[in-house]
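Letters A, B, C, D, E and F mark the chains in the order given here, with residues in each chain numbered from 1 onward.
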Amino acid sequence: MMRRLFPRPELSGILWGLWLLLVNSVSFGQILLGAFWAWLIPFYTHSFWPGVMSLRKPWLGLKFLGVVMVDILIANAIVARLVLSNSERLQPAFMLMPLDVKEDFTITLLASTISLTPGTVSADLTADRRHLLIHSLHVDDIEQTIAQMKQRYEAPLKEMFEC
Amino acid sequence: MLNVVIPIAFFMISAALLLNLWRLLIGPSLPDRILALDTMYINAIALLVLYGIYQQGEFYFEAALLIAVMGFVGTVVLSKYLLRGDIIE
Amino acid sequence: MSLLLIVLLPLLGAVLPLLTERFGRNICAAVAVAAPLISAGLIISQLPAIFAGDIPIFHVPWLSNIGLDLSLRLDGLSLMFGLLITGIGLLVIFYALYYLSNKDSIGKFYAILQLFMMAMLGIVMADNLLLLIVFWELTSLSSFLLIGYWSYRSDARKGARMALAITGGGGLALLAGALLLGHMVGSFNLSVILSNGELIRDHKLYPIALVLILLGAFTKSAQFPFHFWLPHAMAAPTPVSAYLHSATMVKAGVFLLARLYPALAGSEMWFFIVTFVGLITLVYAAYTAMMKHDLKGLLAYSTISHLGLITMLLGLSTKLAATAAVFHIINHAIFKASLFMAAGIIDHETGTRDMRKINGLWQYMPQTALLAMVAAAAMAGVPLLNGFLSKEMFFNETLHLKSLGLFSWTVPVLATIAGIFAVAYSWRFIHDVFFNGKPVDLPKFPPHEPPPFMKAPVAILVVLCLLVGIMPNLTVAPFIDAASAAVAGAELEPYEISLWHGFNLPLLMSFTALAGGLLLYSQRRGLFAFYERGFHLDEKLVFEARVQRGVRASQWITNTLENGSLQRYVAWFVGFTLVMGVVGIWPLANMTGTRPLMPLDGVSVIAAILLIAGSVGTVLIHHNRLASLLLLSVVGLIVSLIFVRFSAPDLALTQISVEVVTIVLMMLALYFLPQLSPRQSGTLRIIRDIALSGAAGIGVTVLTWAVLTRPYETIAGYFLENSVSGGGGTNVVNVILVDFRGFDTLGEITVLALAAVGILAMLRTLQLPNTSDPRSWAREIYPPILAVLARVLLPLALLVSAYIFMRGHNQPGGGFIAGLVTSVALILQYVSSGLSWIQERLRWNYRSVAALGVLIAALTGCGAFIFGYPFLTTSFTHIHWPLVGEFEIATAMVFDLGVYITVVGATLLALAQLGMLTHPSRIKRKLTEEIA
Amino acid sequence: MEALVAIAIGVMTSCAIYLMLRARTFPVILGLTLLSYAVNLFIFVMGRLSTGNPAVIGSGETYPDPVPQALVLTAIVIGFAMTAFILVLALRARVELGNDHVDGNQEGRT
Amino acid sequence: MELFVEIVVSICLLGGAAFALVGSIGLARLPDFYMRLHGPAKASTLGVGGMVIGSTIFFSTRGNGLSLHEILVVVFLFITAPISAHIVAKAALHLQLPTVARTRRPENKS
Amino acid sequence: MSHWILIPILLPLFTGLALLIWSDRICVTRAISATSALALLAVDLLLLQRAAEGTISLYALGNWPPPFGIVLVLDRLAALMLVMTSVLALFVIWYAACDRDQPGDSLHPLIHFLLMGLNGAFLTGDIFNLFVFFEVLLLSSYALLLHGGGKERARAGFHYVVLNLAGSALFLIAVSLLYGVTGTLNMADMGQRIAQLDPADRPLAITGGLLLFAVFGLKAAVAPLYFWLPSAYAAAAGPVAALFAVMTKLGIYSMVRVYSLVFASEPGLLLPWLWPLALVTLAAGIVGVLAARELRRQVAYLVLVSVGTLLLGVAMNSQQALAASLYYLVHSTWICAALFILVDLMRQQRGLLEDTIESGPPLVQGTILGIFFFVACASVVGLPPTSGFVGKVNLMQAVSSTVEAVWVWPALLISGLLTITALSRSGTTIFWRTTGDVIAQSRAGVMPMVAVGGLLLISIVFSFAGDPVLSFMSDTAQQLADSTAYLEASSLFQPVERGDIR
């Protein structure tokens, strides 16, 4: 019964929070209204969410988020330097990263993280979903970069969602 | 202080927009142009936020939010067109 | 009332034959006879009154606003014509029964004939000039049908068309003339018009009116140079010729001259035009009649000639001439009808009308021959026959002509020459047909006498010829008196119709004509040879050729103007608009108004640069369609930024959302269109286009500047004041949309739903051609990373949508934008996960959804009815709930919900329907992949 | 500022009309879309230019004229409907006629 | 407004604007498509992020209470920007856009 | 306040929506559609009766008083146009229901939406609302034009749509320009404000008026803006073409309405233009009638001829001429519609030849169709006893006392003569110059015949019982010439008292 009324409790929670954020208010009325939407929208759209996974380890998630945010700042500083420097000296490369994560949702998170962080953009996913093609603006050692990304991003993601 | 900073920021964003336009006009490839347009959308958001501070009004949030949504959808659809031609199939 | 019956009975008679045709020809004819018989009886019943000088009048107001009343009169002239029309009509009905073959529909024939009869009676009895014209045109129309009765014959069709064009055209001229007359005297009532002759003749418009009316009369009566349609009308069945082209329709022209005689005659202009047109027609047609080998052709030209004679008499403008004209109208009708009927018998029995083949019929059909010979003698003007009497009156009148001074002698001479030819062609009709050796190659041989009933009408008419010719005073004199009184006034000059006036000049002319005619006929071979050497037009061919040339010229013009090029049409539109704009703005003295200007800032300049670059760039790279689409998006983006810049966040939100949906639509369509537009325009074309578009741009710039620099007073203050108190919302733009001008919005969402319906209708039946798609496409249909994100975004977007919807009344937002956001979120699902994926989850009939949205909005509007308020009157209330606080419930929100639903339904309908289109090669590949 | 706005609208109109005078359906539709942008701006500025606060009661002392804004919204929606319709029509015409000419060039070319 | 807040806001704005500009410079001057992709994907997004944080601070300290909803724009951008980059890159790969010669490639992928 | 005025807009709207939502069975669709059309006619007649008394009724939507809210205004002209349209619609729907509404299920709803747009345009007293209703009816007309699909419809449809979109853009420019100058949208109010405008600024308002002329001229198919018409009408399906007979008249209506109300203070605004344009339009129409190779195209050009004729009347700028024009407007609408339906019927009986003006097989029902064709042609040419004659005579009389008669009369008469020539050619070719055997299975039933016959009968009744009609037209023209009554009705209008619900 609860499951049918609230097919996606975590989604409902997020939506509730987002509503309050949107309306910039925590008045009782808005809390009530937010709750209404948080119930209504998942109720009608949960069938659109087949592949979305649940977060198993929230604390790990928070830690991961922190890491990524710091990395983003660093990434941008690096990119800024690279962009403004003499582009002749850049050493771009396509790298093929083998994937341990299996689910589309996790792969998506991984690909997004990689794109947001230092000098790399995930450009393609092979049809068998076993490799991610990554373009790097400037890289010296491809193998080492891949290994670093797997350890820094893929491992926690796998742990959070797929274990 | 802000009345110095804001014009400078305006100037920088404007310059960014002009650079986007430049890329959009010269291409050379369609993905380049799509990318330029996408960037233009993002810079437009920056411009709006800046304008909001400048005008001290909060009416620009929704526009910024929608530009973000629409810019994304536009980029996706354009890229899908290049990939598959038929964007809805 | 009986006057109305006289006219309308034949109309009834037009219907009955059609209904009774199935019961056999005889019954049909019997029924057909009834109406004219009663009409004739009714006319005769009025005889005593009319001979006593009364004029029965029937008057019912009809279209008084245009001066057209149902007024009928039965004066002497009407009486005479009425009897001719009904009497000869009866004989023709009788005759046609035996003339028309079983293959011809006799019911149809009688129907049209009686329709015509009604029209003819209407003409002669109308007491209102416009009513006369109504009937006049009806004769043109019904005669068109009669001439074209044998519609399978080319000459019948062409003859009918020509007759209609000439007489119909003349009718239009007559209409103009009649309107002028009415304008002069202030009434279309004939009694008024006829009694205002002097006023009319002195009016400055008289010459124009006269010419126009004469055009009508001359075309109808086949006067030179409009005579040529009549011989070609002989393609009609002979009963039609006998009726229309001798006794009635062609007489309508001279009737009109006689009818309007009191109003129009008496001027020099009348005299010269009418007399000379009549004279020329008389002589020319008599000469031509002689040369025709076709029996009916001879009779046709003879008819033209006699009409010329009557016309000329009316032109002479003396009272005696008018009397002679009236008399000759009767005589000609009688002998010519009988001659046509005789000719019809001959044609019927021999299968040809060519007098070179028809010879010596005396031996085969002596009774017919006798009848025809008497009638022909009457036509020639042989004494003791009716034609002689009126012709002699005519000769007499020509001698009294003094207006031409020294040249007055030419008229009687020409009249005599015409008389000679008349005798010659009459004699030819007798000699060439009934004697002159043996028949040559007759299609039907041997000919024999027709059934007695077919001869009877001829016989009756011939007897009339004799009766009138021998004892005119006992037969026609009262009718002539009455008729000429109606034409030329009651107090007639004393005259006497008698066989013998003693030896005088007219008698000499008559005998000169008789002797000369016989002499001329004896020299016919030389004459025919002379005629053949001359130049002859087949007027029918000339007419058709002219029409053809006109048609071809028209086709050339049309094809040149309307070359199917949208570019040209748009250019015309732009050009026209430019002219209008320039004409309007030119007198503006000060381009710049008094309003203080807003200072310029750097960001705005940059935005303008982007905007202009985007626009110009779209044009410059429009050959690369996708790229130009991208530049167009820049324009859209900047426009929405401009809206923000100048305090219109609602517009910005709408613009940016619409923009993306439009781009999606464009790409959906672009996939099936060529990707490139080849460069095709020539330099000149480009220069023209730049000039046009540049001018338009300058125009818009000037207008914008002129308005922006001027102050104005606006109704906006009312909206700002009443938005909160009356509309219940602080976002005035939204309150205008859903309340102050909610009706606009209702229309607008109707348009949106309609567009979707139209798109659905267009796409549902679209069959894509089965061609291969040469482009190479990625194999992966739904990139998984995109699909995941799109699914994650859906509830978020819906939340944003709800947010925008809820706040619309008080803050920027509203149902329309919310609907677009929802749509965009769903479009993203379509793009990333595919149609079938959505269809499994959303089983909506989008068309019904769109319609439902409009329905909700409209029903919300109707809700106000319950409380006695007009449509779309909104209501709102503030509710206090403990803890929750105060919140507002407004009907406008329900209206806005309708908008939202419409937008979602319509947008998704368009997109899903377009998306469903798939290149045929794709379906094939998909199938093979699934199998593999 | 007024001059800048006027010129920008003028240029947009020019470009739009130039595109509408092209020989193929797609550029014509681009032109129509561009024209509707220009027209929307034109309607909008007929309420004169104003900076600062939108026409939301309570957001400031003076407000811009909200009427043209409402008109523009209606015009945008109608323009959107029309664009969608004509796009599909262009598609339909292309399939039915085998080409996308609008210059009266009948058959033969694609 | 306190000077401290003003300084923080100024830094955010200038930093954000700088990043946005850098992203666009990258887009304009880097030699091949894949390299140009990096600017917008990261720098511009972060640029907007910086400015939005500045804006949030600015509006939250003006006495009308906390105003956090601008953050949503940033969140949204950060979610979508990598995907945009990804899908455009896919398109570029499909079209086989050229790279600068020195770009290294994995052996089994063209 | 009575809600009746609203019915001509709401009834078609609800009918259309209902047909869209519940569109399962075609016979139900037809029944609903026809019933609604009949009801609409009844309501319109009621409104006509009310308007004929001379009162001008206002209806304030949303209970907002003019000039702020949108008002519907029912005067004689509006009522006349409503009745004319609903009579036409009834016959068209009747004819469409004779299985001419296939394929698809959208013809009937679209017709009703078109009616909604037309009626809205006739009733509204607000110039922007006029634009909105124009769009409603235009979009319906686009979809209707394309009904049935095919090459010609696609080609003509695209041209029609693009030109009308350009027209709509111009409409917006003109309306917003007028707003920018006067600050109002209510037509009566706008007229008053223009009259009080500083003379220095007046050219701006006049420019708006002249730009509107281009818009209305495009809809009315005035030369040189008529190029869309022949192909569009010739390509449209039979019922659609018949319905479209009213479309050009809408342009004329709009001119009459806007220039008599909004630009009442500038009476000579259009005169220098109407004259020559009317003559050129007439000439273009005649040339087209002569040139046409298909009947439908010929009838389409006849529509153009009627536009030219009407404009001549409007250009005369006199009450009498306007009254005459109004009569002619109604007559020509109905008769052109009858011709389109008739030609559609004839086309079905001629096999592959369709409506080309060439010798072909005899028509199965040649006699009855021939009679109809004959009567219709007589009416369209202006021969008695049809309404065409009354219309033409009336028009000619209206100018008889002016100098312009020198132009108008010959134009009318020569156009009549040339039309006779052309139509007699096509009629004799199709009905008389026949070869081969009839196509027996193409026989039409009684119902479609009734549709044509009914319209023709109305044309004849319209002429025989024309006197009250002519008087009504005269009153209408008088009401239009003097806009004070309209303005008074507008200024004295009071919204419904607000009770406790607000």
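A few notes on this one:
Note that a contact is a pair of C-beta atoms (placed from the backbone, for glycine too) under 8 Å apart; a residue touches a chain by one contact, two chains touch by 3 or more.
Bear in mind that the values here come from a model prediction, so they are computed numbers and not experimental data.
Among the remaining chains, those touching chain C and also chain F are D.
Counting only chains that touch, the fewest steps needed to get from chain C to chain D is 1. Put simply, the chain farthest from chain F by mean CA position is A. Chain centres here are Cα averages; for chain C and chain E they lie 70 Å apart. Centre-to-centre, using mean CA coordinates, chain B is 61 Å away from chain C.
Here the CA centre of chain E is 58 Å from the CA centre of chain F.
The set of chain C residues touching two or more other chains comprises 564, 566, 568, 570, 574, 645, 649, 668, 670, 700, 707, 712, 714-716, 719, 740-741, 744, 748, 751, 754-755, 758, 762, 766, 777-778, 780, 783, 785-786, 789, 792, 796, 800, 811-812, 914, 917. Looking at chain B, residues 17, 30, 34, 36, 59, 65, 69, 76, 78, 80, 83 sit in touch with two or more other chains. Multi-chain contact residues of chain F, defined as those touching 2 or more other chains: 128, 132, 135, 139, 142-143, 146, 149, 155, 158-159, 162, 166, 173, 177, 179-180, 185.
Inter-chain contacts occur between A-C, A-E, B-C, B-D, B-E, C-D, C-E, C-F, D-F. Within the complex formed with chain A, the residues of chain C that make contact are 779-780, 783-785, 787-789, 791-792, 794-796, 798-800, 802-803, 806-807, 829, 840-841, 881, 883-885, 887.
Those residues of chain F lying in contact with chain C across their complex are 1, 3, 6, 10, 13-14, 16-17, 20-21, 59-64, 67-70, 103-104, 106, 109-110, 113, 116-117, 120, 128-129, 132-133, 135-136, 139-140, 142-143, 146-147, 149, 155, 158-159, 162-163, 166-167, 170, 173, 177, 179-185, 189, 193, 200-204, 206-211, 213-214, 217-218, 224-225, 227-228, 230-231, 284, 286-288, 290-291, 293, 367, 374, 378, 383-385, 389-390, 393-394, 396-397, 400-401, 409, 413, 416-418, 420-422, 424-425, 428, 431-434, 463-464, 466-467, 470-471, 474, 495-496, 499, 501-502. Those residues of chain F lying in contact with chain D across their complex are 128, 132, 135, 139, 142-143, 146, 149-151, 153-155, 157-159, 161-162, 165-166, 168-169, 172-173, 175-177, 179-180, 185.
On chain E, the positions that touch chain A within their shared complex are 18-19, 22-23, 25-26, 29-32, 34-35, 37-39, 41-43, 45-46, 65-69, 71-72, 78-79, 81-83, 85-86, 89-90, 92-93, 99-100, 102-106, 108-109.
The part of chain D that touches chain B in the complex is made up of residues 51-54, 56, 59.
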